[in-house]
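Report on one structure; see the data block that follows.
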Amino acid sequence: MSDIIIGILATLGTLFVLLAAVGVIRMPDTYLRISVTTKAATLGIGLILAAAAIYFNEISITSRVLAIILFILLTAPVGAHLIGRASYFIGVKLWSKSLIDDLEGKYKKSTHELKSEGTEED
Amino acid sequence: MIQHIVLYPIIVHLLLAILLLFSWNSIKIQKIISAAGSVLSLLVAIWLFSTVWNEGTLTIQAGNWEAPFGITFVADAFAATMVLLTAISGIAVSYFSIGTILKARLKFGYLPILHFLLLGLNGAFLTGDIFNLYVWFEIIIISSFVLITLGGEKKQLEGAVKYFTLNIFASVIFLTAVAVLYGLTGSLNMADLSLKVAAIENRGLVEVTAILFLIGFGIKAAIFPLYFWLPASYHTPPPAVSAVFGGLLTKVGVYALIRVFTLIFVGDAFLETIILTLAGLTLFVGAIGALVQNNISKIFSYLIISHIGFMILGLGLYTEAAIAGAIFYIIHDIVVKTNLFMVSGLIYRLKGTMSMKNLGGIYAKHPLLSLLMLVPLFSVVGIPPLSGFWPKLSLITESFKIENYWLIGAIIFATFITLFVIARIWAEVFWKEGKKLPTIQNFRYFHLLKLEKKIQILGPIAFLAFISLYIGFGAENIQQLAERVGTELMNNQLYIESVLGNIKEQP
Amino acid sequence: MEFLLAILIGLLYASGLYMMLRRSLVKLIIGLILLGNGANLLIFLLGRITKGKPPIIPEESKFFLDAYADPVPQALILTAIVISFGLQSFAIVLIKRAYKVVKTDDLDQMNSTDEFS
Amino acid sequence: MKTIILRTASNYLLPLLLLFSIFILLRGHYLPGGGFVGGLIASIAFVLHAFANGLENTKNLIKMHPGFLMPVGLLVAFLAGVSPALISNLPFMTGIWFPEPLAVIGMVGSALFFDIGVYLVVIGVSLTIIFTITESA
Amino acid sequence: MRSRFLSNILLTFIWVALTGSFDLLNFVFGFVLSFLILWVITLGKGESKYFKILPKMIAFFFFFLYELFKANLQVAYDVITPKFYMKPGIIKVPLDAKTDLEITLLANLISLTPGTLSLDVSNDKKVLYVHGMYVSNKEKFIQGIKQGFEKRLLEILR
Amino acid sequence: MLTAILTGFIFSLLLVVAGKYIKGKAAILSALVPLGLFIYFLQFTRQISSGEIITKTYEWVPSLGVNLGFTLDGISLIFTLMITGIGFLVFAYTATYLKGHEYLDRFYGYLGIFMAAMLGVVLSDNIISLFIFWELTSISSFFLIGFNNKEKASRKSAVLALSITGIGGLLLLAGALILGNITGTYSISEMLLSKDLIAESSHYIIIVILIFGAAFTKSAQFPFHFWLPGAMKAPTPVSTYLHSATMVKAGVYLLMRFTPSLGNTELWNTTLITVGAITMVYAAIHTLFRTDLKGILAYSTIAALGILVFLIGLGTREAFVAACVFILVHALYKATLFLVTGIIDHETGTRDVTRLSGLRKVLLPVAIAGFLAAISNAGIPPSFGFIGKDLIYEATLHFGNTGVLLTALAIITNILLLYAGFLAGIKPFTGKLPQSFEKAHMPGFLMWIPPLILAILGITIGVFPSIVQDSLIQPAVTAMGQNGSEIQIKLWHGFNLILGLSAITIGVGLLIYFLFKPSLKLEKGIAKFDKIAPKSIVESIGYGFGQGSKKVTGLIQNGYLRYYVSVIILFLVLLTGYTLLQNTKYVIDYDSFSELTVYEVLTLLVMAVGILYTVFTRSRLAAVAAMGVVGLAISLIFVYYSAPDLAMTQFSIDTLTVILFVLVLYRLPKYLKLSDRKARIKDGILSVVFGSLITVLALEVLGEPQGSQITDFYAENAYVLAKGKNVVNVILVDFRGIDTFMEIAVLTIAAIGVFSLLKLRLTKKNRK
Amino acid sequence: MTLHDYLYYILLPILSFSIVLLFIRFLMGPSIADRVITLDLLITTGIGVIAIYSITSNQPTFLDIAMILALIAFLGTVAFSYYLEKRNKNE
């Protein structure tokens, strides 16, 4: 029984990871790639780890697995935020079919201060 | 346990380095610790040496794991001698540093690093484990990197880049060689390796491994054609640093070569030919390099290279007498080369330059100082009966025994060029009329120094000059030591038994 | 697998060397790092590799119950890795400082210490 | 970097990572880990904090120069190393152990203290290096 | 003081979970250890209603999982099929969340769900710039975030 | 005897301390040292003449076979007396000559060392100690020649002289060691016993060449003679002492000393005759073209040395007698002439022979000394020189078929020597006294007494040759291995061919003296030939060698790091490649390898491409990121192959390294394309070869059996003894704890290095 | 087919294949940000690989490595972002 659960979890996880990989290849701009992949991978890895936890069925291992998942959940979005933001600074362009860019002109160039209103003054 | 003392030279410097780090904020305390510690380390080294001399090879198994499972430390006559020399050279450099190194450098860890360096040297000499030797080498090179760059002047950095790159490269080769050796034998203990390597059937592979060691250590020993880093960098740091480098650093490469090629890779005719060829070329190329330089510190750098040839030659000849010659040469060279660079420092203090073109007039103005400096200068030539002379007797004789006149020629050539170069230094730097002292901002010329500083500068030079005079005039004692080392090295079962002996007895 | 690993190690050595032969300081350091990795993997490979049997004694036992990987090369590599880390950090800072003082990344312009003076 | 998100996250990650680093340190004798990796994780925690909050804040947090940890760590390791020689006249680095295992930690012996020394040194080293570079950047 | 204590307890639990040994001694050890760490680093703010909101947290967790799966599948479809159906853009989302913790958690949750990515928070903490994959209706997008994640999150945190 | 030799050294050492006191009037006291030694050695005369040989051995470095073994025999005795006797006079002379000189103490110091060293040379029985003293004479002469070291010419001459004699010394060393090796002893007297062994040895030629090299350089034989005229830059007492009477004769001494053991062979005799003959004639002719008194004397000294070598080369008993006599003759008259020249120089300020005349009016006693010396030099009876000349002709005439030719050469030489002697000893005193010299006056007696004593001795011995016959000449000739019948040295041999030749010599010589006038023009004229003179040749060889060395050194140490790396790698590749090619089995044991799996292959593929990308990308940042990929791949490999600790460490360190890189990078310039295509291809090939070599090596090693007993031990004891289950960690903190300890020390040092490298700026302020 | 075989022969290769795909994007770039993202994702995928591998080799120890990867991977991204931001500011 547990073998089946493990198999399913692992398969799902693997597929999500694969999905993230394909997404990274296919997505047309950097922001989209970040967007797609952060979570697909997070979910995928979470599932695979869950499979491992079930497989070993030991409390210390389970808690370690939980710790890993917790860590990924904590760090992945922060990383995505950082690199997404940095991409914007270095002028990575949005996909040509993008609809809106509310962020345009909101960063003060010299200090990277981000305003909530208006456009760049200087 | 009397064997404990094998580790004392290591422990002393380790403790010193740690204490010095704790006193990071007070140069004054650092100076006291370093000065006192150097004396202590000399006493320990003498103790170790006399114990080994009287009782034979001592070994200790770190961690109490019997060989070959733990890391063994071995103090045979060779190692004990090297440790003693390190202590002698170390104490001189330590005092000289206290007297000459800029406050700014002292504030940034000069003294702790110096003791780390000495620690590394002692470790390298005492260890009986090939990988542990690698680790000690790393201690040595990282310390030397820090010392050579400390202050971060342009020429220092330019020199350091080359020094760094090629030494790291040597480490990589060394590590590669260790990998292969482990792959072949599954062992790291050098005594154990000696037995296991001898049992390997594929001699070709053994030879390749040996060549890797030859190159790895050869770079560190600065033999031809692997020495490029040395002339590029040795003249760039302050003289105190050059002194410890010039005296000890290349010698640890030589030590490793001798150790490995007398203990692990023995009796390979092809390698001996190569080593001999390299020795001859090193003598030659180093000499012509020294011939054409104008900066005294650079001249001394090339002399280091050239004279490494003598030591390698002794190894290549591979007889007891030749190895004894190499050992004698090492003993002489460590003391004298250390002193030479301190002399260059003194000259710089006196005249504010190291360029022969602009130097002069020291003899007229400072006759007694000149006389003092004359001792290392003439010793390095080997003007008999000064220290450099004696080992050449064995080296020439042994070269003759294999009827290799090229080698004799190389020895004579190198000696002659050294003589010529030193004579020219004497003529240009000491005899020639002095020029006006250049004004260097915030630089205090020797005659303006306080007596205390003067003593800190002259004391070490005089101390080493005295030692080299002793080596020259008391050559009999040194020769007996060298012969004993030679005998021990050529009969490596002594070493092996003292490391693995217990195991063999137990079935 | 050993075969491929051996080739890969050769590649690491070759690339490391190639990078060292460039004129850029940065490349030089990268080259040294690659070489260091090559040497570590070489120790690993030549210490003989074993799959899926880490040298950790099982919880319930005092000895190994079956075959296990040779821990010695691993310990050696660990030491070597850490040491190279020390050297690398120093190297990286050295290039930074050298660039600041010498004002070039071009190694060919750093040969004043070899000139006759 | 002035980002609320990173700053907040790092404030929470810091204790977590430190805890984790000690965990890794203590279990090293039994499972993968040990002083070295433990030390690295601890320093990474501080580095992360420095990235998010600025170096000055992190330095204030630590309250002393990280470089001070180096001699401390070395001394701990040194004492662990010489203790066998001093206590039982055994060679340097011989493992000596308390006879009974301690709860949580397991067997306590000179090796553990040695590993703690390693841990401290690694923290001191990594932080010194990274902080210095950041400062002079 | 209390927040410090809570953090301490939290860390103790994490420790126990990490080590996987649930005996008393380990608790004590974990507590002392956490205390020491906190003492060393002096953590900024903690939150007070830690235990009251536990049930809400669990509910939120499942909501989050649901969102995660749903959005993942949506994106998966877009990735796998040859044609892109998406209409991406960067949207300014005004924030009700005030404290750093609130904002951070919200932003992270947004990022964790596919199709959305928190790019940055304005310096005055009034707005969050979010990159979305499906922003054909800007208002709907903003409301989706505000009514979904933000509302639930603030309920827990406040 | 050791004390006797050491006296000079001790004296010199004392001068370092008490130098001040000697500068004043006490200077003359220093002459007591050689005087005392002279008396000391004189008292051995009786023992020596009765055929005794006095030996004394002191142990020094017995392990190397080097002892301070001293032998006083006939040869040594002549030399010791010359050294101490003339030494005494020179010491005394110097007291006035350099009166009040700032560095008089140093001068005496050098002289003292020289004298002691010279005594050591002629007394040593141990060939190594002989060499040691030999070198000391070169060194002390270096200091003496360079005494006026503010002059560039002085310094140059000193270095040149040291170089030539120094290299000669080294040849001597080599020769000595080979001799010692063949005979099994360094004792010269013991070597005599192995004479046949040496002669039959295949190394005989090389030994002789080496010994000749030493002797010829020291004794200024053609073509190594040129350092000697330059050495005349030294103060005149030095020229007197070293370059006429003693040091230059060390080479002659060496030849005499080794005649019994090495001599009497074709090689030995022919070479010596040829070299000696060329030297004497060549140098004698040179005297015609000199105007500087010291220059004239220098060349006549070279000629005299040539005669001595020539005589030793003849190898007959008569020749040896002639040589022994001529050594004394020459020492006496040449020393006198030099001292006289010194006085002239001292009083008139010139040594230009064309300007000097009539000085007898102001320097009469000096003129007498000069005259007597010139007589002896010319071989005019009843001087000792006459006997010397006669003996030479006797020796040449009786020398086989070539006797006539050799005699002719000897006559030519002697004629020119007469001319030179007259020029130096007589010409300055005869004729009209120019006004400019009228103010010249007699120097202190310490200056004129010594030459007068020597000159009178030259005549006295001529009249009473028996003074030296039994006491000195006989034992010396015996010591050279010719112990035949008793020697009879007489002034008057009756009217015979030799007397006729003597008369011709004197006659022609006088003719030349009166007809031929030395002039600057002539000197300049011959200077044209300097280009092909040995000195120029050697100097240009030296110069060329220097330039070549500079080129080679510049080529080797060219400043390009990448070139250094290439050379080292090339060297490595050649050596290991050669060895591998010789020994490779080319058999790879695939069976022992683990299976290939998809995930591993893919991991390796990613890694390989990652490496290549690191190498070839144009963006530094991308390279750093790619290194991150490579690091990850390596970590995965460590995972696959059971190394969890490694994987962890590798990964964390890679991350840290990336961070460091990133922190540093943005201060650095972007990659520039610096090397051209050709260089890249060349480097590429070298790299690929190197990489392949490592691969082949790895595969070869994998084909060898390896069983690690160490591993088994660790595995068994890790838990039981070291209480740990993670064996890797147990090794790190216990089995190989010292490695780890030093590894953290490395880290600490690196951190300090980083800290100081970035924080310490040497500014003008802190550069104190 | 056992679970082990399934994981070992099917899932592990798929994960490795994902790694290759990601790596292709790494090589393609085009911006440095893309490379940083893919690096981060490669590491995350690596965690997956390790987790599966720990099951197939029945070695929970390997999960510890996954733990370290999870902890540290993030820092690389932070550093790169820091760099990009700082470089941008300076230009």
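So that you can tell them apart, the chains are marked A, B, C, D, E, F and G in the order they are listed, and the count of residues begins at 1 in each.
Following the convention adopted for this analysis, a contact is a pair of C-beta atoms (placed from the backbone, for glycine too) under 8 Å apart; a residue touches a chain by one contact, two chains touch by 3 or more.
Just so we're on the same page, UniProt names per chain: A = Na+/H+ antiporter subunit G; B, C, E, G = Cation:proton antiporter; D = Na(+)/H(+) antiporter subunit B; F = Na(+)/H(+) antiporter subunit A.
Note that this is a predicted model, so its numbers are computed, not measured.
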| item | value |
| --- | --- |
| Pair with more cross-chain C-beta pairs in contact, given B-C and A-D | B-C |
| Chain separated most widely from subunit A, comparing mean CA positions | F |
| Label of the chain whose CA centroid is most distant from the centroid of subunit G | F |
| Distance from subunit E to subunit C - Cα centre to Cα centre, in angstrom | 40 |
| Distance from the mean Cα position of subunit F to that of subunit D, given in whole angstrom | 62 |
| Gap in Å, rounded to a whole number, between the CA centres of subunit E and subunit A | 13 |
| Centre distance in Å when subunit A and subunit F are each reduced to the mean of their C-alpha atoms | 78 |
| Where subunit A touches two or more other chains at once, by residue number | 22, 34, 42, 58, 61, 64, 67, 74-76, 78, 81-82, 85, 112-113 |
| Per-residue multi-chain contacts in subunit D, two or more chains | 1-3, 5-6, 9, 20, 30-33, 36-37, 40-41, 44, 47, 67, 70-71, 74, 78, 92-93, 95, 125, 129, 132-133, 137 |
| Multi-chain contact sites of subunit F, meaning residues that touch two or more partners | 550, 557, 559, 561, 565, 597, 640, 644-645, 648-649, 652-653, 655-656, 659-660, 663-667, 694, 698, 701-702, 706, 708, 710-711, 714, 725-726, 728, 732, 734-740, 743-755, 757-759 |
| Complete list of chain pairs which touch one another | A-D, A-E, A-G, B-C, B-D, B-F, C-D, C-F, C-G, D-E, D-F, D-G, F-G |
| Residues of subunit E defined as touching subunit D within the complex | 7, 11, 14-15, 18-19, 21, 23, 25-26, 29, 33-34, 37-38, 40-44, 100-101, 103-104, 107-108, 118, 120-121, 123, 125 |
| Interface residues, subunit D side, partner subunit C - complex | 30-32, 36, 125, 129, 132-133 |
| Subunit A residues within the subunit D interface of the complex | 67, 74-75, 78, 81-82, 85, 112-113 |
| Contact set on subunit G toward subunit A in their complex | 3, 6-7, 11, 14-15, 17-19, 21-22, 24-25, 31-34, 36-38, 40-41, 44-45, 47-48, 51-52, 54-55, 60, 63-64, 66-67, 70-71, 73-74, 77-78, 80-81, 84-85, 87-89 |
| Contacting residues of subunit D [partner subunit A, same complex] | 1-3, 5-6, 9, 12-13, 20 |
